[in-house]
Amino acid sequence: MSTPIPPHSAPPVLEVEELRTSLGSRRGRGNVVDGVSFSLSAGETLGIVGESGSGKTMLGMSLLRLLPRAAQIVSGSIRLDGRDIVGCTVAEMRDIRGAEIALIPQDPMVSLDPLFRVGTQIAETLRAHKPVAAGQAMSEAVELLRRVNIPDPELRAQAYPFEMSGGMRQRVVGAIGIACTPKVLIADEPTTALDVTVQAQYLALLQRLQRETGVALIVITHDFGVVAQICDRVAVMYAGRIVEQAEVGRLFDAPAHPYSRALIEASAAMANEGGGRRFPSIPGEPPPLFGRGEGCAFAPRCAFARDRCRREAPPQTSAGPAGHAVRCFYPLEGDAR
Amino acid sequence: MTTASPTRPLLELKGLGRHLTLARAPFSREATRTVSILDNVNLAIAENETVGLVGESGSGKTTTARIILRLDSPSSGQVLFSGEDVGRLDGRALKSYRRNVQPVFQDPYSSLNPRLSVATIVGEPLFVSGEFAKAERRARVLQALNAVGLQADALGRYPHEFSGGQRQRIAIARALTLQPRLLILDEPVSALDISIRAQVMNLLDELQQRMRMSYLLISHDLDLVVRVADRVEVMYLGTIVESGPTRSIAKERRHPYTRALFDSKLPAHPRERRAIAPIEGELASPLNRPRGCPFHPRCAMATERCRVEAPPLRADAAGHATACHMVEI
Amino acid sequence: MFQRLRFLPKGDPLASPHRRVPWFSLGVFAMLFVCGLFPGLVAPMDPLKANFLALNAPPLTTAGGQLYLLGSDHLGRDVLSRIVHGSSIALYVSLIAVLFSSVIGTTLGLLAGYYRGWVDQLVMRVADTWIALPTVSFAIFLTAMREPGATNIIIVMILVFWTRYARIVRGEVLSLRERDFVKLAITAGASPLRILFVHLLPNVINSVIVLATLLIGNVILSEATLSFLGLGVPAPHPAWGAMLADGRNGLMSNRWWATVFPGLAIILVVGASNVAGDWLRRRLDPNLRNL
Amino acid sequence: SPAHAESTVNIGLPFQLSPRYFDPTETANGTYFAILYAVHDALVRLDDQGARPSLAESVTSNADLTEITYRLRPGLTFHNGDPLTADDVRFSLEHYSGTSADAFKSRIAAIETPDELTVVVRLHSPWPDYAALSGTTASAFGWIVPKAYYEKLGAEGFMNAPVGLGPFMVEKIDPGREVVLKRFDNYHGRKPLVDRIVMRTATDGAQSLAQVNTGELDVAYNMLGELGVAASKMDGVTLYENPTYTTFFLKFFDAADPDSPWSRKEVRQAVNLLLDREAISMIETNGASPATQSIVPSKLPYAVELPVSKPDLEQARKLLAEAGYPDGFDGGKLVPIAPYWRMAEAVAAMLDAAGIKVEIQKMERAVFYQKLADKEMTGVCLCADGTMGNASTRLGRHVYSKGVHNYAPVPEFDALYEAQLVEIDEAKRAEMLAELQRKVYDMAYDAPIFNLALPAAIGPRVKNAAFLVPGNAYIAPVELLELK
Amino acid sequence: MGSFILRRLAYAILSLALLSVTIFFFVRVTGDPAALLAGADASAEQIERLRQEFGLDRSIPVQLVSFLFDLVRGDLGRSLFYNIPVSELIMARLPATLTICAATFALSVAVGVPTGIWTAINPDGWLDRAARAIAMFGMALPSFWAGLILILVFSVNLNWLPAGSGRGFSSVILPAVALSGYFIASNFRITRSAMLDVLNTEFITLTRAKGLAERRIILMHALRSSLIPIVTLSGINLALLINSSVAVETVFGWPGIGTLLFDSIAMRDFPMAQGIVVVIGVFIILCNFVIDVLYAYIDPRIRLAA
């Protein structure tokens, strides 16, 4: 199964353009999402990778317009089936959330209301968007639990979250995500909290659900293994910007941005049993949110940085084949290995 | 990779068991229940050797570490350090054991006291040992900090001023001050970002070569363990199910659980993408520990015998041991 | 288990936009301290000096060449001077009571949380019991045993308020002791004493400070209540609560000043303590509430 | 209910209502009479005309005052219907254990009931004070309970379901809170003018005045200080300043201790000169209480008028200097009787003017009386004595060395006192008591302040609040109480 | 859940035992009631008789044992002053206190909680700022002082509301309002901060991401989780409420258990004082037990955990 997945030709369900979300505090104001653009078609899986604090979650929350108080979208557009939801009213957004764009949040241990039965929590999603009776919603909830491979779904629907293991809770959250067959599903680090074996199960489940519903999937992760396993395309985020975006095979084979390349090397080395004892690493730390300089945010850690990189921010340019874009003045060429 | 010396191991776990008695409600008639978290764990770490301990969540890895560190005591079995029973140590002997065995924990946020300066944190083992004058303590702290790549200006600062990777280095520096012979590394890099993870692993490797320490590396990350450990112990529900030289384990994957672990590994490249056939069933919990082979409910090969009889850990000539009825030695 | 860490520390200023220094509280406290420590310098008159020619003088009356800014009471004593001298009592009682109750409560809370087991049971059951004992009954019992006075009030306050510290500190220690740095200290061979006082105490001290600030107000309020009931500092010493009690008869004939001004003094100081405590809590420990 | 509201009077009592107050045989202090006058009746009782036979038709005594004969009115019944007999009277007298019970016990030789309606009390020896003690509010000796009923219920049972001969019978007792009294139609005296009286505990002056204002109460007592001013200003509320026999005075406990400044006559005289009695009366009762410099109120039998000195700081200083305290001294504790704290504050302020410093020590009433009786007091107290009787009974408590409240015996006083106690000749006795009072005054044995006029607030509905019993702070006789 | 409740019950009983013993000793050390009761002119013999009558002549341990035995049987002894069974008097007075306490409690919840919810949803608005400022001073308001001012305004000057206890519901208004200042403020603050906390949790984010109606999110999910701290605080406040009611009862001449306690200690009516403190203690401990049960009701983790 090593053949790369063919690029999608269907019209995009989600088009994000120059999205900028800023976050203010006493210490200043910073863009947690900084000019992000991408598009996504039905059935497609986009991976968003990056280090902690790079703004992945903020991007996901921006798409749902569920930002913390301190943050707001300052510019750009998010078009869902051609309709810009940045301008939607609160009530309209409520109808969109859960029904058209759904979320699988980062941590299954704290994402379910501990005081309610899981069945209820699924059913209420259904009832928020569809005129179904309580009993009907409950039996649909049981059905959904069955679809996410929960054994004894009738029984489990009556359970409270604390009575379930992490893996099961994550599957419940998945069931909530697909409950109203949304067009876009944002999975924020769906597997990081899970054990290795369970992680694999969950990814398989996600893929199956995507096949069944044709949902467009955004997988936020910092694990290149997840990307390699299920993504069609990848966007690498650094300090709020997408520094590189490409079809998955292309990114692994020919990363153009020094950061992507370093990341890929680091993760490949970790996974590689035969490698030497030393791991390739990226020196330094990611920049803080406030007081990010003028130039390329990666420049201080970049081995290839030149003066220009420190002065001005590089624009997004094409790097090779269609769909491969990079924000670097001096993109790398050739195979990563 | 250094090969383990065949001499007497530095640390040895002999038939280690740990039971917990669940608290019984007052007036309740229900009998007290004991759960077994560790069951007959045997393990040895030689000088300058890295032993990896892998297993899924709740399999008892941290408990093992806690017992070695004397933060917990075993219900049965012994921990031997240089042949001495650690459980019996006290006074001076305990002190010297403490300086020889130091831990590094997973969470760099919780392992540094936010109210103490880096100098105090790193210097604490020296201070507590009471054997060093102030000047010498300072010198050693500086030396340790340098060893992990931090500068003297870190001394007066507080943990919150450091990033996760730096904190983990501070934690390592602290462990190094007394020049221990064994580091217990309980998931030392799981909380760190990939790029930082590599920095810390490189640092640990470098230190080991320089200071000739032994490591017990606890991790759920198979890749990492296989990459750095000399020997691997695979733990499942409190028992070692497979144990042996890393190379041999990675190649042969005799135990079905070990195999499942390897099979669950995510590809390093989209090219290697394959249909995942993960093991089924829920994560096991010591609360309802199955009879017989602990792994049988999730094992595709399980037979009637597995359901009733717990397989013993049997080693081959090369020291590769497996606890499975289905594996022929 | 692999746990993603929240990289936004709990105390992050982003979470709480209220960082403005509470000048109001600081001002009131400064006044309280100045008045409390040097009442003689601030007060225009002798608080005990009766003037039978100026009984119940309304505010801003001048009598015998003296200006009664806030009026005089039923014995012709200057209300302002009495309030100023009353702050000495309030300050003395609250500081001593808060000091002792925090030391006792914190120590017991530390021990209970760290050692758990029977120590914990003992401390917590006593604390439970204490909650059920009405403060006033403590006070009445004590006044029956000893001569009434500030010391009684202080003892009552300590008896009542140590449990607050004990509960809070115990709760925090219970979670702190599971933190890895405590385990690291043990593996470094640190003694329990060192763990309690070097590792745990500094981590609970924020809560203790916040609680202490809030309690200053509470103690003053309770002191006023007890003085009002006649269980506090005896006359003619100008305790605020006793001033209220003295002035209440005048209230019936609209001589409000002898009651309203000391009442306002209480509200001002207690309010300031609440504001300051709240601010400290936001700054030092946003997880604390319900103190 | 509204039908009854017309003829119900609500009276606020300034003390906790104890069931004991319903048992006349236990009466210990004046507070009891607030209830006794409503529920019970006596052989002889005080009213506006002085002590008059009430249950008795006549009271006669023999020449040497050793035999007192009571003739009961015929046909009287208790609230429960039992007829009043001589047996009930004898039981009540024999059973009496209240104030001065020891005095009665030791002097009464026998109580005889020659017939159903006659009771004879025989004394061991002549006792001139028998009448002063038994027919007034000095004691409740002579107030009658039904023997059979009392014995059936026992003392405790009786307290909680009292039955008497008074104008009102108990309808309901809510212990410590209120008692509802209903008119007793068979009352032998004047017919009560209201249907019901509710007596309710209202210990807080300000609050009970507020209740008079809102109409919740019709009568509230103890309107001291500003409350009196406030009451007099309220619409429709009248302030009745009821003269009592309560004298407030400073008592010098250490006067017998030669080391104490209080042992110096000059010092005590100075104190008398420092007290501004008018001002204190003004502060406490708006000037209604007359200043006095004797502990014997002038209205008590055998009292003599004594001059009241004007406050004189100069003279006081001079006296203090003579005594060796030109700048005053530390006078120790000043213990006021509860709850007259503010009067004590005024006194302290006045003493302070000459440099005499005293520290006010609050003491609950119970503790106060216990310490007083146990002779444990030191320093000075602001005491009050309101017991009825005559000059002899009053002086006997304070001046006589065996008196319960005496701390500084003076042999000269004792001799005089003991002599008058057995003197049958009225005139001689009066002369002896006058001499004693003057001697006490001359050596400034204590520092009297005033005789309390206790103000009560009377609400607009009340037409006749009969405060007719001298020396009693409460409305009595209650049968005269009338609504508009 | 059963075991949880049993454990709390065991704690409650332990607390009660401790409380009783504490009270017993407190009362003994304050002095001999017999002498005080006998009055100023009592003879030694009379005092002795009283001491025998009340069993005060027995040794302290014997007294303690019989006190505890009587307590278990529900016998609180006889009041020395009122001379009737203590329990009778307490039962007569308890309703008065419970009435104002209940009214205050209801008022503080009815005003405090909704305001807290509203301001947590709309933090930093004018209402929030105003409510926070008012709350800060509401917590500083001495209730007895508030009572005095209320009487002055509403009973003396306006003559709208009664100042005493005899007028049924209208009598409850002033004392309840005077008492409730602190409790409204504290309910408001706890609700607000608990709601703010909960609204920041990931599970509320998920309910939002599910597109639930805001009302359901707030009232069903957020409020229910916030109930735990609110209920906890209520337990503490209840004890406080009974404490502060003493001063307010005095101000309003309210014939409640607070004034009764105050007077009975002043009069050395030891069985009475002892009984009241025990009853208050039992009441508070019971309330806290009920609160524990409520936790279990609110939180399935407590209810279902082994």
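Odds and ends about this structure:
All chains are identified by letter, namely A, B, C, D and E, in their written order; residue positions are counted from 1 within each chain.
Convention: contacts are C-beta pairs under 8 Å (C-beta built on N, C-alpha and C of every residue); 3 or more make two chains touch, one makes a residue touch a chain.
Computed from a prediction, not measured in an experiment: that's the story for all the values here.
Common neighbours of chain C and chain D (chains touching each): E. Seen from the C-alpha centroid of chain B, the farthest chain centroid is that of D.
Look at where the CA atoms of chain A average out and do the same for chain E: the two points lie 52 Å apart. Averaging C-alpha coordinates per chain places the centre of chain D 40 Å away from that of chain E. Chain D has its Cα centroid 91 Å from the Cα centroid of chain A.
The multi-chain contact residues of chain C, meaning those touching 2 or more other chains, are 1-3, 5, 7, 17, 144, 248, 251-252, 254.
Of all residues in chain D, those that touch two or more other chains are 206, 210, 230, 364, 367. Under the contact definition stated at the top, the residues of chain A that touch 2 or more other chains are 52, 106-107, 166, 195. Every residue of chain B that touches chain C in the complex is listed here, in rising order: 57-58, 66, 69-71, 94-95, 98-99, 101-103, 105-107, 109-116, 121, 124-125, 128-129, 160, 164, 171, 174, 187, 190-191, 220. Residue ranges on chain C touching chain E, taken from their complex, read 15, 17, 125-126, 128-129, 131-137, 140-141, 144-145, 217, 221, 224-225, 228-229, 241, 244, 248, 251-252, 254, 256, 259-260, 263, 266-271, 273-275, 278, 289-290. Considering their complex, residues 35-36, 39-43, 81-84, 88-89, 92-93, 148, 151, 155-156, 159, 161-164, 166-167, 250-253, 255, 259-260, 263, 266-268 of chain E touch chain D. Against chain E, in their complex, chain D makes its touches with residues 10, 16, 18-20, 28, 99, 102, 156, 159-160, 174-178, 200-204, 206-208, 210-211, 213-214, 216-217, 230, 364-367, 369-370, 372-374, 404. Chain E makes touch with chain C in their complex at residues 11, 14-15, 18-19, 22-23, 26-27, 29-31, 124, 136-137, 139-145, 148-149, 151-152, 156-157, 189-190, 193-194, 197, 200, 229, 232-233, 236, 239, 242-244, 246-247, 250, 258, 261-262, 265-266, 268, 273, 276-277, 280-282, 284-285, 288.
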